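Comments concern the structure below.
Labels run A, B, C and D following the written order; every chain starts at residue 1.
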Amino acid sequence: MKLVPHRVLPWRGLVQPPSRAFSSTTKRALIKPISELPDRITPTYQQRPSNTLLALEWPSPPRNILITKKKRTPGITASLVEYTTHLASTYPSINIIVEPESAAEIHEQLAFPVYTYSTPSPNSDPPHLSDKTDLVCTLGGDGTILRASSLFSHAATVPPILSFAMGTIGFLGEWKFREYKKAFREVYMSGASDAYAKLEFPESEPDSAPAPRTCPEDPLDKPLSYADIRGKAMGSTRTARILLRNRLRVGVFGPDGQRLNSAASSGDTYALNEVILHRGSSPHLKIIDVFVGGRFLTEAVADGMIISSPTGSTAYSLSSGGSIVHPLVPSLCLTPICPRSLSFRPLVLPAETPITLRLGDKNRGRDVEVSIDGKRISEGIGEGMEVRVVGEQVRSAAKEWCGGVPSIVRGLSGTEADEEDHWVGGLNALLKFNYPFGDQDAEGGHRWA
Amino acid sequence: MKLVPHRVLPWRGLVQPPSRAFSSTTKRALIKPISELPDRITPTYQQRPSNTLLALEWPSPPRNILITKKKRTPGITASLVEYTTHLASTYPSINIIVEPESAAEIHEQLAFPVYTYSTPSPNSDPPHLSDKTDLVCTLGGDGTILRASSLFSHAATVPPILSFAMGTIGFLGEWKFREYKKAFREVYMSGASDAYAKLEFPESEPDSAPAPRTCPEDPLDKPLSYADIRGKAMGSTRTARILLRNRLRVGVFGPDGQRLNSAASSGDTYALNEVILHRGSSPHLKIIDVFVGGRFLTEAVADGMIISSPTGSTAYSLSSGGSIVHPLVPSLCLTPICPRSLSFRPLVLPAETPITLRLGDKNRGRDVEVSIDGKRISEGIGEGMEVRVVGEQVRSAAKEWCGGVPSIVRGLSGTEADEEDHWVGGLNALLKFNYPFGDQDAEGGHRWA
Amino acid sequence: MKLVPHRVLPWRGLVQPPSRAFSSTTKRALIKPISELPDRITPTYQQRPSNTLLALEWPSPPRNILITKKKRTPGITASLVEYTTHLASTYPSINIIVEPESAAEIHEQLAFPVYTYSTPSPNSDPPHLSDKTDLVCTLGGDGTILRASSLFSHAATVPPILSFAMGTIGFLGEWKFREYKKAFREVYMSGASDAYAKLEFPESEPDSAPAPRTCPEDPLDKPLSYADIRGKAMGSTRTARILLRNRLRVGVFGPDGQRLNSAASSGDTYALNEVILHRGSSPHLKIIDVFVGGRFLTEAVADGMIISSPTGSTAYSLSSGGSIVHPLVPSLCLTPICPRSLSFRPLVLPAETPITLRLGDKNRGRDVEVSIDGKRISEGIGEGMEVRVVGEQVRSAAKEWCGGVPSIVRGLSGTEADEEDHWVGGLNALLKFNYPFGDQDAEGGHRWA
Amino acid sequence: MKLVPHRVLPWRGLVQPPSRAFSSTTKRALIKPISELPDRITPTYQQRPSNTLLALEWPSPPRNILITKKKRTPGITASLVEYTTHLASTYPSINIIVEPESAAEIHEQLAFPVYTYSTPSPNSDPPHLSDKTDLVCTLGGDGTILRASSLFSHAATVPPILSFAMGTIGFLGEWKFREYKKAFREVYMSGASDAYAKLEFPESEPDSAPAPRTCPEDPLDKPLSYADIRGKAMGSTRTARILLRNRLRVGVFGPDGQRLNSAASSGDTYALNEVILHRGSSPHLKIIDVFVGGRFLTEAVADGMIISSPTGSTAYSLSSGGSIVHPLVPSLCLTPICPRSLSFRPLVLPAETPITLRLGDKNRGRDVEVSIDGKRISEGIGEGMEVRVVGEQVRSAAKEWCGGVPSIVRGLSGTEADEEDHWVGGLNALLKFNYPFGDQDAEGGHRWA
């Protein structure tokens, strides 16, 4: 059988071969625009009765992989190079997308081109990114995942996110970096076997394979072949597991009713954790009118207010006294920050209830903070501002799962019954939920002497 | 048109006419068994896209009305007499069911018979009650509603509940007693108009109408006629509104795996608010193993644990530091009571997640308290006991609403957009949610001097 | 008896008579420097066994009265004019000090001179103010009292503060403005009767009395005479009552150990409520090392930390989840603001324990907020900053009461046993402490329909 | 020098010599009444300016040592035997007192007599115990310390308590059992050196020394001699450190004003942690009127109310949401248990403020629980009951320290500056105060898979 890679991935035909012909210095210089990439492949998510996690199913294998990394953390760049090199050598049909800063930083160390995008205007997503990205991988902690998800903050459909912790595991992540080969392979292979039927593999011509392989004797480093496919893609029982995290749809409006949180045309912003309205650098209380389902609920006199998704219930909302809400409870949390009231208890509302926070004219000063997922999105507007929020719908009218942030979680390590464990495990391991009293950690003869 | 009441309500033919022939003294003595009543009429609940409340729809008008009242509260008996008298005179085809104590207390004051049931054995529902009751009315507060709902605590389908506050309105109730005529009429008329087509009305023979009418000139006191039907039953826009309150399904098991909370055959008990496991009269901490979704979550060292429905989130769970959860968020709240831990925050879990509390063998003493909706259900069992809970399903596989406690709430007082207000209103009015600081209540010159 | 006002108040001799000779337009223009005033008279505070409030005792009647008012509130200026006019006409030996803005605003409306001070350099007290002020009166709310107290934030001894609420009573205030005549008279007369022996009164020469009297028939508007003295100053049972509010002594230091919170020489700043360290306008968590009694207690990852006095326990600390601490419990409260921990419970520590907050080098950004009593005191310093706090000593070695903010509270309205009520009353009236549930406020037929 | 033990300890002369003459079987049988012991020696507590801990000072060495142990814990009996044997052999002038059960259990294993008391009538202290006990040692956890302190719950002066943890260290304890020799020696030697001047030591006649020595080569096992004294008792810098824990004085009264908590004559009961009033085994809310300083504060509708000492602030009060209060803050904590109110925040009140809880006539049922330090003290009384509490005075009019529970804490392990560490250390080690988030405990590749 003849190998015709350019039929399957015609854009690669145009791009890759010349790059290979380049001298090594030239090769390194290659940063390409994502607009040249083939269009995005969108997976479906299947629910099985016995399980609250969804099964990832690619119609055909993912090709365009966005990889983001934690900023200002030296060691991570080497991991990014290692990871991209592994993907490029093992999955020849894959294209690597990185953020502009990363592209500049690493492309000279790579033997293949990387794709990137131009920096977006404020409050909008990078152009083309959501049309081209099949899968997102993050190297970092929760902040990196939040930043990755914010690259799709105006997109109705977010690609699945596979996140690797570089140090301690965060609450949104699941995988240790050292698991990257196996984890990626599982995600890549998650599809009905016929999805892979048309996939064509490079013939084993040693010279055509990309040169620097991280560990040639590791089977996970060998280019994928039919043998793998036959063994792996066996339907939904072996596919990657998805926790679909509902987002919030947020609109921020000035006193004149004009949108503040996004470039004119792009509409609402999606938040993974929460949106907050806060006194910011003013040392005085803010007075915020809260409307629930279109009706006035209360006047909050407080440092601020949080509207969080269930995912965000373990973030800022938790610090402010909110309950811990399981990510699969379709709800919004309304949590005050330091309310000047003894009787303002956090509320958990139906996801479909619209909530509005309005900064009335009793407030002096303009330095209010509005932040989405830890990113400040507005400045210089105070009095009259409104934040309008509603939970994202994650099932279409036809009851298909869509929207949300599809987070790839552990699912294959044990039996099916073991799959639901993650969130509960995270409570104990990460949040130190109900951590027991006593001196059990003390060793040696003295407790603290 | 000929009136044939016994065709529609054959059992009335047997019962009512003789009673009418009785002398007034004899009449009063009539207490009949509910087994004689016609079978229950079960309404359906329609959801409209614009509205989270459901619309009540009777296939044919309700006939068997259970009325419960608060205990140990003198004035309420007079109200019960007034209410039953109104119903009997205005809706001649209606049958009144009351609790055994009430029957004994009031039947002599009535010109018509009342139905009642025999006291059930412990931990089971009154026999026949759930097969015969079309509608429940309560006169009292939240405790009375809880007690009414507990009469159906082994029934998968609870009749709609219309509750009248006798003093201050509670959190579960909605209606003032003085609204009873209008409220009942609305509920009674909630049905597609053809439901009433077959209904036959008494001819206006003044002598056949029951004698003592509370206020004859009030149109709501006149026996219902076609005129009313034509004007009222106009489809779902004018029907009574239902808040379907999910319950918990609770099983309590001894160390030997034997059920403790219900008579052998009757299976799980349904709770409207919550189930609690508590140290009871022992002055020492209990050690409770908590399992979520079949997995060990944590060992709670505490006074006790609460598993509550969203409805119950404003009851005991709130007092124990839980969040306020809207009754339409499909969830369970897991709230510790005085946990011996700084880090045991309340959890909100998906309604379909099974939760188990197990009293391990580290506990001394047997005097543990297990209570459902404020009613103690077990005694003398400690170590090894298990409480197993899961949220009730309120939609059938065919997506029909069923189960839950269908609570009749205000819905017709304003425009459709006004209908959702109740819960939010209750937060402010009843819970004094976020009650503002300051001396606004102080009048006159001195605050507290 | 000859009137020799200049003997008692020699400085008035120089000042007042000329002013009286001025034409009325000229008179109004008089704003004088406080440096011209006689030196401050410092009262003592007596404790009686039966009572936790102290008794105010002037060695001789107060002369220099500082009056501050709420800013940006139109109606209050008229009250200030009314109040100063009353004092000037009724207590001829009294001198009125006002803030510079107030002086400019009102002096033209007055028939007597006012004293004022020059605006101080940042982080220092107005020059001379604490050497000249015998008594402070505030017209406004808690914010006005805090601002008044902050005028003495580098002074070891604060004059007694008499505060009038202009609208709703705050938590730190006690008196309604309409009580001003009686309240001031009580304070003025609080002294051993011999304190007043040397006081000389203006002869009742009608023409020498200042012209515009607010209400001439009111005995409290008549110039004070021996008759009043004889009747009033009867020792400690009839004296004004003082709640001595402990302050915090706060030092803020840069990474180089240099003081940031006060002009070079002036040392620590006193806080009445609290000092806070906060993330300010940065949307990210701060990492704060907390030392108690010189030892490392914990690393707080939070929005910020509060160290409050017992007085401040009902201010920001309360909003952040702190307990309510009675102002007479000698303690400091350490309360985190939105801590990223499930197990950071507020602490109440002995007043004499030094506490240090240090912003370690894990923090990015410099925009940290340090505020004392709601006033931001530092900018542009982040990493390495330290806030050092210790409770103020309010008893000297000789067990005399000194320091603190002597707040004049109700004490004479009833019997001695009634005197302690204020704080408890404030909990209920102002904080809505344990405000009861239920619809008791609802009137009319409907709760919220 | 002639040994005249009977001069110093005349009662020993009567008792000990005969016992030595006994055959070993006879000896073992000796259990003696504490009434035969010499009178109690009461130490003083010295405060030094630099230190909040007090220095223990015996006027003469302690002689009568009460040792209590945890119940129902098999291994502990062996430790008790080891400990008493060590004391008896090393400090020949010491007398061992144990609880009646322990006496019965261990006396046969000992070569010396033990003293004990008869079981007291309910709600009173064991007769003579507080007149005879110089020092208390506990082997167990916090519960054992609470029980030991409750043996003196009607005594104004509690002997110092030296507590040894047998497993994990509790919050009230300080010492590991393996430190017992050193810890006891320090306590024994804490006194001005002249206190020991009159002490006479047994001559080193090997045969007169008690036989079974735990470890003869250990210098701490050798009978104390002048050499030790000269080296050790060097004034307050080397003495044991005392944390004087304030107690509560509690009176429980029936509706008729009659005391319920103690035998007629014995008056108030002292609590180390707290007194609680609780719904007990009734599943319904209690309605409790709370009075502070003689005035009505609020009506608590709750599971119950806690009034705790600062020591008790980390016990039940903490579980109920109270703040953590340092044991040296002179205060009382008023903490509700599951209050039916959003706005009932815990209060910290001055220690000298009397607080009363009254169970009004709105309460049904009689099964209310009143517990002191985890011991239920009343039964069968409901409606009309009152609990009256005030903080114990720990300084006499002459400013001497007295009262409280003198707890022996670490003080000699480091420099003086190190002495204050204990409580802060306990927060971190025992309460897991502000325990950090993250997966720092996870080892290996997977967090929870």
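We take it that a residue touches a chain if its C-beta (ideal position, glycine included) is under 8 Å from a C-beta of that chain, and two chains touch if they have at least 3 such contacts.
This one's a predicted model, so the numbers in the text were calculated from it and none came from an experiment.
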From the options A-C, A-B or B-C, the pair that copies A-D, where over half of the contact pairs coincide: B-C
Chain pair showing more contacts of the two, B-D and C-D: C-D
Taking each chain's C-alpha mean as its centre, the one farthest from chain A: D
Length of the line joining the C-alpha centres of chain C and chain D, rounded to whole Å: 45
Averaged-CA centre spacing for the pair chain C and chain B, given as whole angstrom: 56
Centroid distance [mean C-alpha coordinates] between chain D and chain B, Å: 52
Per-residue overlap in chain D, given as positions that touch at least 2 other chains: 318, 339-345, 421, 428, 431-433, 435-437
Topology of the chain contact graph, where touching chains are joined (line, ring, star, complete, other): complete
Contacting residues of chain D [partner chain B, same complex]: 280-281, 283-284, 302-303, 316, 318-321, 337-343, 367, 369, 371, 374-376, 431-433, 435
Touching residues on chain C, where the partner in the complex is chain D: 52, 292-295, 297-301, 310, 313, 318, 322-326, 328-331, 333, 336, 339-350, 352-353, 417, 420-421, 424, 427-428, 431-437
Chain D-touching residues of chain A, taken from the complex the two chains share: 168-169, 176, 178-179, 341-345, 410, 413-414, 421-422, 425-426, 428-432, 435-442, 445-449
